[in-house]
Amino acid sequence: MKLRVRSELVYRFDPPTDAIFQIHAAHWPAQKVLEETVALTPATPFRLDAAAGFGTRPLQVRLSGEVTVRYEALVDNGELVDLSPRAVQHDWIDLPVDVLTYLWPSRYCPSDQFGRFVERGFGALRGGARVLAIVAWLAANVDYRFGVSDSETTAARTFIDRAGVCRDFTHLGITLCRAAGIPARAVSAYAYQLTPPDFHAVFEVWLSDRWWLIDPTGLAPISGLVRIASGHDAADIAFLSTQGSCDMVRQAITVEAA
Amino acid sequence: MKLRVRSELVYRFDPPTDAIFQIHAAHWPAQKVLEETVALTPATPFRLDAAAGFGTRPLQVRLSGEVTVRYEALVDNGELVDLSPRAVQHDWIDLPVDVLTYLWPSRYCPSDQFGRFVERGFGALRGGARVLAIVAWLAANVDYRFGVSDSETTAARTFIDRAGVCRDFTHLGITLCRAAGIPARAVSAYAYQLTPPDFHAVFEVWLSDRWWLIDPTGLAPISGLVRIASGHDAADIAFLSTQGSCDMVRQAITVEAA
Amino acid sequence: MKLRVRSELVYRFDPPTDAIFQIHAAHWPAQKVLEETVALTPATPFRLDAAAGFGTRPLQVRLSGEVTVRYEALVDNGELVDLSPRAVQHDWIDLPVDVLTYLWPSRYCPSDQFGRFVERGFGALRGGARVLAIVAWLAANVDYRFGVSDSETTAARTFIDRAGVCRDFTHLGITLCRAAGIPARAVSAYAYQLTPPDFHAVFEVWLSDRWWLIDPTGLAPISGLVRIASGHDAADIAFLSTQGSCDMVRQAITVEAA
Amino acid sequence: MKLRVRSELVYRFDPPTDAIFQIHAAHWPAQKVLEETVALTPATPFRLDAAAGFGTRPLQVRLSGEVTVRYEALVDNGELVDLSPRAVQHDWIDLPVDVLTYLWPSRYCPSDQFGRFVERGFGALRGGARVLAIVAWLAANVDYRFGVSDSETTAARTFIDRAGVCRDFTHLGITLCRAAGIPARAVSAYAYQLTPPDFHAVFEVWLSDRWWLIDPTGLAPISGLVRIASGHDAADIAFLSTQGSCDMVRQAITVEAA
């Protein structure tokens, strides 16, 4: 699917601070970036490399005062498909070495604490069927609601709160999959038909020798996702990380079929 | 320095379980593995690749019953040097893209919570001098003691407990460095002259365009470390991770000058 | 029911330390202590008063070296009955002022975090029926198992772990009841027919103008409980609290019908 | 000191909810309530008893829609004095039985985790001198700042954050005192000369056979405090607790010398 994505981020950095934006469409085998522009106002030198292995392209920069970052791209995201219930869960011996790190707990995904819950609730299933059962459990037991979680909320807390936003659904989904021995990681994305438009957080699992994208909120079709960053959890894929605080002035995201 | 390292791990896996051992000396530019053998008894097929970029070589295997894993290697670890107080802290724009992930909080290192403490205590310093001040603070404020922490202990808890083992010192050191905007990651190692002999956990920081190893416990000389695995924290570098539980029968590590 | 209860606690206190034992049968309207002896070996002066309002009788003492505390009592615990599903939940305006504190979260019972879960799962019920549904949920979703929890385990963690011992069941039961607006508190007890014999932790809820005892583990009949202490949670009702650490040498509890 | 205190709380309760206000000056031996009025608009029946032993007078009520609660009182708070460094710390055997509960950890004051820190930092002192050293440590190491903490912040987190408001200072002060074996509890108060005027949270410790009030923020003189409620921590002394949420419309507090 061809999509035109735009983000305009206006933030105030005072005092000057180091910042990393992750807003560029990823370089990813199935996803082609056909056109792309990025502009900082006022003009500021930045660095833009692609992270080895998974194509995330963080924009590294040092900013001062009020800054506008505009990114626009035309992207062909390939033919994204929904997870098959028949996707096969691998023994660990069959996992590529660079996938192993996504088996372990991370800042917001303490999967080491959920082994018993996962075994009890989903132990009779394996692979795609197990992941789909986990996603169905999330849909039935967690409410999509603003104002319950914040930037420190872990999956353990969302499991108690039973409410959160896309980031929280993603963290809990990842946590339960890892607890089941399935590699899972967070993905940030531009999402077609997401209302209201915003950066979206989804996750992906490694089954049948490939990554499969999943939107545990069910708010956006998989086929309309433009991948930005992937990593262990929100700590790795934030669209903006800074050393010290900054203030949002305004922010706008648009995603259109092209 | 040339070192001969041996580890013998005897564990019981019942029922059969997926396991990952990280006990092989890393492939790392300054470290040469001159000879190496690994043997599983009973003989069991395994997989051994090197993780892209940082040379960790996890042994992936599925095990059943009582299993002995023996690893022995002759390693030249190069000329490891202690962190210089003049090592320079980089603006984020000057960090290699693959180093960025070590700025963010991880499972055991919630560096997002320590910004104020680090600014208050170490804000007047930068770079190597700041890291050395952090290490000195650890030595003055945290006791090396068994029995206080366990496999779930985070750096936040160690900051309160004021006691722990090498893993806890490492987690708190990493946490404080990341909170100061310095990339930091965990490293497991064979350690010459460590008493009692065991796998050791240390950390390394990225300053002056390279990684510098630090032993926050001060128990082993840097020059005698043989690097095994590196990663965000103990979740990434465990010498043994399993899906489900297993029981240790016995374990022995030796490190000798060769 | 008339019961003869005995506890023999042998602990080592080194260096000398302040200690509080809560092993005396409570003075409680429906419970009569018919005979009672307590002996410390070596003989040590102690203090024994009854706490206002709920009859807990902590034994306050300063101990040194190895000490044996023997308590024996003949108690008529009255006619304890199981919670009725028709017991009425009160509006807060109808609660006695001294009961109010058992509405609030405590060290091991963070009920402030469980409002949404309780509303979602038990919102259609009130009073005794609601509490019984909570207890049934515990029975269906939490395993009685040693070794999962420790002295720091909160109800939030047990909710994730899905396993624990009597203390953990009690904490989670209290937490869910308080989250539902029902006063609930922890009670320690000698328990007839508990296997293996030990101090038992149960809880009680305030409905229909009285406290109702509940054993969320289902391990001991309510009619055979001899009340010792009551309080917010395990922090209040521990059979032994010390300033500093101490070591158990041995401990034995017996409860017999008399 | 004679003080005239007023509070006007306007809140919206929708749907109808159970509520408890703790805004009445306490009945406390040294504090005399000379005049007092309370009014709810619209008029609503309420219950007002004094809690046994420590004179807190919660107002129990069920409210619906927008409600104004006005409380006004003329109070002689006696002659409150600052903690003496010579106040004596008691062995536990010398503590009144009803004071014991303030030795234990509570929701926001996990004192069980701070034994090592307190021993290391304040182990050479006892009694009033130890408490004053703890308060001095708070002043030197914690910033008074809005926006860092929220209603769930524990003393463990404030110890890491190194910032908070009166409630957080109070929780950390209580925590460190309890970890040192000194009974400590939270007290809410009207505070003369507090800027901006608001409900204030302070704490008190039991030394030399009496409670001593302490304002760890140093923002208000002890002599100008009008005691409202006391309890384990903020969970017990909140000026407003509800079953379900409510919205503040406005709130005003005034305290004047009379």
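Which chain is which? They are A, B, C and D, in the order written, and residues in each are numbered from 1.
In the analysis below, contacts are C-beta pairs under 8 Å (C-beta built on N, C-alpha and C of every residue); 3 or more make two chains touch, one makes a residue touch a chain.
Because the structure is predicted, anything quoted here is derived from the model rather than measured.
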Next item on the list: Check every other chain and keep only those touching both subunit C and subunit D; list them.
Entry: none
Check: Do subunit A and subunit C face each other with the same patch, meaning over half of the contact numbers show up on both, or with different patches?
Finding: same
Item checked: Cα-superposition angle relating the copies subunit D and subunit A, to nearest 5° -> 180
Next item on the list: Take the average of all CA coordinates in subunit B, do the same for subunit C, and state the distance between these two points in whole angstrom.
Entry: 43
Next item on the list: Scan subunit C for residues touching two or more other chains and write them down.
Entry: 113
Notebook entry, point to check: Can you name every pair of chains that touch?
Noted result: A-B, A-C, B-D, C-D
Next item on the list: Flag every residue of subunit B that touches subunit D in the complex, lowest number first.
Entry: 113-114, 116-117, 120, 141, 143, 148, 156-157, 159-163
Next item on the list: Can you check the complex and tell me which residues of subunit B touch subunit A?
Entry: 18-20, 45-47, 49-53, 58, 60-62, 91-98, 100-101, 103-107, 109-110, 112-113, 115, 151-152, 181, 231-232, 235-236, 241, 243-244
